[in-house]
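These are the structures in question, set out in turn.
The two complexes that follow have subunit A in common; it is paired with subunit B in the first and with subunit C in the second.
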Partner chain A sequence: MAVKKLSKDKVADALKELSKFRLIAPAKSDEVVVFSEITDPEEVCLDYGNSTVPPKKVVFPQTETLFRFVVGNPELEEKNVEEEGTTVIFGLRPCDARAMAIVDKLFSWDYEDPYYLKRRQLTTVVGMACVEPPSMNCFCTSVGGSPFGKEGLDLLLTDMGDYFAVQALTEKGEKLQETLSSHLEEAPADDEKKVEEMEAASKGKIKRSIDTQGIPEKLPGLWDNELWKKVSASCLGCGICTFLCPTCHCFDIQDEVESGEGRRARMWDSCMFSEYTVHASGHNPRPTRRERTRNRISHKYSYYPKRFEVIACVGCGRCINLCPVNIDILDILSQVVDA
Partner chain B sequence: MVNQDKLREIAKEVISREDVRQLIGYRPGTYGFRARPAFVTSPEETDELIFTPACVNNLATYITLEERLPVPRGQEPDTRKVAVMVKGCDSRALVQQMEEKAYERDHIVVLGIPCTGVVDMDKVEARFPNVLEKGEISLEGDKFLLTVDGKKEEVPKEELLADKCKRCRYPTPLVFDQLLDEEVARFADDDYSDVTELEKRSTEEKWAYWEKKFSRCIRCYSCRNVCPMCYCEDCVLDRLQPQWMRRSVDVSENTAFHIARAYHLAGRCIQCGECQRVCPVEIPLMELNRKFYKDVEELYDYEPGTKVEAEPLLATFKVDDREDFIL
Partner chain C sequence: MKNPYIPYEVNILDAWYEVPGDRCIKTFKVSFADEKVWDSWSHLPGQCAMVGIPGVGESMFCISSSPTEQGYLRFSIMKAGKNTSALHELEAGDSFYIRGPLGNNFPLEEWKGKNIVTIGGGIGQAPLRPVIQWIRDHREDFGELEVIYGARTSQDHCFKDEFEELNSCGDACCHLSIDVEEEGWPHFVGFVPTLLMEVAPKPDNAIAVTCGPPIMIKFVLENLEKLGFTPDQVYTTLENRMKCGIGKCGRCNVGHLYVCKDGPVFSYAQLKEIPEAFA
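Presenting the complex of A and B:
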């Protein structure tokens, strides 16, 4: 399908059209940009860098009920993801969409996760190209991404000034473009070429980089290297780097029971938390932040590529921007290279 | 401002001492204006140490955050001291920790930094966005001087100063073995105007205000982990059996978490502001802590973290203690 044009004065109407689905888009909560369920198109904030919390939470909620139960009753009330209905994530960044494509591999691997996969199936992902890199710590181009990347996206919007170029990338995207057809116009013929030029310009503005060649193979040999102690010395052991990571996908499953009724829920977990790998015996194979930091880096840059042939990091820069003590994944990786 | 050569010279002397195993200070960050904690174990490593207005972290946290693995059979535990650099506000965390008997005074060597104020890094990065090249920040009189991509820029102090510094009562450390510079006289005071403003709101307004903030919380626990007063070895939040606080994230659990944390800090928070600084979703946690701080000062004339020999507020009882606020 050809590139279409969505005039900026028609964005509100288009969003209104999309709000017949479950519409998720960036919106401001005070000054923080959060992907939220939209009821009023006025709330949508498309003039933003990137959200603090990645939109992974839409398909992989931080807390989700798997089923409800009454103690002593074998009948379970199972969660029906279908009820959430068709969902549109609008205006997310290409790195975050690519992260979903990367995480898909895990959730459809040896066990097909029904909750995640159903939700993915119900979701159409509308990305917004990064005409300017949203953060000085962006490094998507080092890990196989692009500010105009298409992986994981169904539709790509590019800000052309007074309109968005709208490019359908999948069947789902074409369907959504069809839904929006009354708000779309023909795009100028040279738009595709323009978009290519803009992509090259944006890539050129990405200042941070790392040569990942050889890192996945090298990491296992650095198991006992001194560098882990050094890079983790200042780590506070909080969950910022993992919870804000669009590819981190660890979860815990817990039962919550009150007055004889309860639910089994799964919730994000973080390998940086002290109780993450505590055994029932009390033994912890990752007793300090040194082992936990090593795990975080190794999982992304060694275990995941070994299993799925892709680095589980999309270079969004969130962990660098928001680490309270300036632990910088590119700094760690360059020490890995030098080790 | 502290002379960097003098700072390194003193640090070198301290880490060369036989009874000191580690020195915690600051070094330049990995990009832009950032500085980060430095963990020095040898005299050579002191060359990278700095102190500038970018040194925002409260290093007192690391005294109690250090993980101690069981000592293998036949080996003796390393009982040498830890040296730590602290600003005025940070020193109060040490005082409060010692007041609570977290460790003995001779466990640490305190290098006090009389502080004229640190920056709010968010304000710096908003003012000079996308500066990746390492730049220095210094304070000269009432202006911050910044090197931005090789060029010198001047910004009036109040525009980049961290809010906590604007009401700092203790710029010179209250506990130290050695001061790295001349004492700094109090240059600000706290009139609690922000807290008074919040107190005026109705219960409904307050609830709506906090509900919005707490609904954003992702429970990363960075506020707890960065807090120098959150040093319980076994935090109630990490208990799984029984689970006192659910891991599930919703506005109800989040609210319970933040209220519980604020209560645990009543009479203990020393106002370093680290919790609010690190919160990725910008929850103004200091507004809660400062309300308690104000109440404690007004009701009991007590300021946490000001005297090592004082009794912790909640560990004392006087027959004439105020109680007219108890329902």
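Presenting the complex of A and C:
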């Protein structure tokens, strides 16, 4: 599909054009970059490594209403996701887009999840290639991704210096490219080749890696292995590794009632929390952080690939960067390899 | 396609206590508030539903009636937490909400022509009841039906009248037990796995189905092996904390299997491969 050119001095205009949709883009909030709803293109910060919190909340909000009700009235009012309108996520990293493609499999598996899938349908995803690996703990290339990866994206932007190469990847992407056409120009003929070289250079700068070959098959056999106790010993059970993970999709469902009006809502939950699996009887099949850590790693690297043929980790490195006690998933995986 | 998170309202036609006391069990006989739901509803023995009240919550329960019992569904629910306590407050004429049917079922089609033995303990008889009822309603399709059931005391037995009726009509041979001696108890005294060895069903052309507390299941499985049952002749159900019931929310997994969607019915052959199954 055609590659176009977006001059950097036209980015503000292009963003303005896109703000007729619900526009989500990276913006500075205090000292961190977060994907936020943009009203003023000036807020957008494209000069960033990666956002602290992945943009998964755009299609899978941290808390969302499933239906509303009035106590005593049998009518249940289903949440209409359509009201949220057409959305553009602008400038996310290829790993985070790929995470959406991975999580899509879960939410469309057998029972279709109407809330998630409707939002996905309404959302166009515009990625920003990683010319430089955003973090020292990036390892996307070990788990099937690339700093210039296209999976999960509708449109890919690459920073070419004084302009962005804009490549449409899907029908949705072409449509958006069309919307932006007045801000785009023809791209130089040798851009495609240049992008290929830049991708190779960026891949070369990724410092961390793991050979995942055989890990999914090996994990179930390590059930009773000592390593789980060792790798979870310092874990605080804070759950940040799962909340900041772009592929973590587990949720809780809770009912809330105030002054006779209520809603059933779902909210992110974490397999690292002690109450996550506790039965009404009080029995907990995963009573300690050892079992919970084992489940987190096994879910991503064994159970998910067994069911959906893809590892549920995109190598963004957030769980390593932000763990308060420096637990490192690559260290755990290398112990799995050595066990 | 219907939104799988939106429950149906059901009206309680009848409700009664199976078991009194702290861990009381109440059975609800319900029908859809909107009669039209029956047109699209179909379930099989072993399948479950999310049962709850908006504003309180939902929990997963097996449907304890067989689809051959028409015009109603039954749920037998032990009072254990917030949601079940709220459900226990309800009486005939009240309503609650259900989502389902969810999960898989006992493969009764595959069991045609076989002898069936059910081994239940306590509230674990709830998922076995629809199996027994299904067999009674397709009696010519199956061989002998042996029903083994025990609870801590005679008061803790669910579906008391039904066992008597089962025995007297000749559809099944029932063997009942209580854990500790009671005056006037005419049946076996001891634990269910011991009663199983007393009854000693033959494994030839047979299927064994067991549901009950985890410790009972553990010894029942061991004893079935001693009796010569192979793991693919033995079925059980698992339970875990659940929220969505449709394989999305993540928490009910044992290994790579979701109890809510891939289960609750598993063969022992399947579970032997999964160390977390009996955690």
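Criterion: the second predicted complex is superposed on the first by the 339 of 339 C-alpha atoms of A that agree within 3 Å, B and C clash if a C-alpha of one lies under 4 Å from a C-alpha of the other, contacts with A are read in each partner's own complex, and residues count from 1 in each chain.
In this text, a residue touches a chain if its C-beta (ideal position, glycine included) is under 8 Å from a C-beta of that chain, and two chains touch if they have at least 3 such contacts.
What you are looking at is a predicted structure, and each value in this text was computed from that prediction instead of being measured.
Engineer: Quick one: on subunit A, after the overlay, do subunit B and subunit C clash, or do they fit? Just give me the call.
Structural biologist: fit
Engineer: Where does A:G204 make contact in the superposed view: on subunit B (first), on subunit C (second), on both, or on neither?
Structural biologist: After superposing on A, A:G204 lies clear of both subunit B and subunit C.
Engineer: Taking CA centres after the superposition, what's the angle at subunit A between the directions to subunit B and subunit C, given in steps of 10 degrees?
Structural biologist: 90
Engineer: Where does A:G85 make contact in the superposed view: on subunit B (first), on subunit C (second), on both, or on neither?
Structural biologist: In the superposition, A:G85 contacts neither subunit B nor subunit C.
Engineer: Would you check which partner chain A:L76 touches, where first means subunit B only, second means subunit C only, and both and neither mean what they say?
Structural biologist: Second partner only, subunit C.
Engineer: Does subunit B (first) or subunit C (second) touch A:Q254, or do both, or does neither?
Structural biologist: Touch status of A:Q254: both partners.
Engineer: Which partner does A:G214 contact after superposing on A: first (subunit B), second (subunit C), both, neither?
Structural biologist: The answer is neither, since A:G214 touches no partner chain.
Engineer: I'd like to know which partner A:Q62 touches here: subunit B for first, subunit C for second, both or neither.
Structural biologist: A:Q62 sits against subunit B, while subunit C stays out of touch.
Engineer: To be precise, I mean the smallest distance between any C-alpha of subunit B and any C-alpha of subunit C in the superposed model; what is it in Å?
Structural biologist: 6
Engineer: Touching subunit B in one complex and subunit C in the other: list those residues of subunit A.
Structural biologist: 252, 254
Engineer: Give the list of subunit C residues in touch with subunit A in this complex.
Structural biologist: Within the complex, subunit C contacts subunit A at residues 1, 3-7, 9, 33, 54-59, 80-81, 84, 95, 214, 239-241, 243-244, 246-251, 253-256, 261, 274-276, 279.
Engineer: Which residues of subunit A touch subunit B in the complex?
Structural biologist: Residue list for subunit A touching subunit B: 29-32, 34, 52-53, 62-63, 136-137, 207-208, 233-234, 236-240, 243-244, 252, 254, 256, 265, 267-268, 270, 273-275, 287-289, 320, 322, 324-328, 330-331.
Engineer: Which stretch or stretches of subunit A touch subunit C in the complex?
Structural biologist: Residues 66-67, 69, 71, 74, 76, 78, 106-107, 109-115, 220, 223-224, 249-255, 257, 262, 264, 266, 269, 271, 276-281, 283, 285-286, 291, 295, 298-299, 302-303, 306-307 of subunit A touch subunit C in their complex.
Engineer: Which residues of subunit B touch subunit A once you look at their complex with the stated criterion?
Structural biologist: 29-32, 34-37, 39, 57, 61-62, 65, 67, 69, 129-132, 212-213, 215-216, 218-222, 224-226, 238, 240, 243, 246-250, 274, 277-278, 280-282
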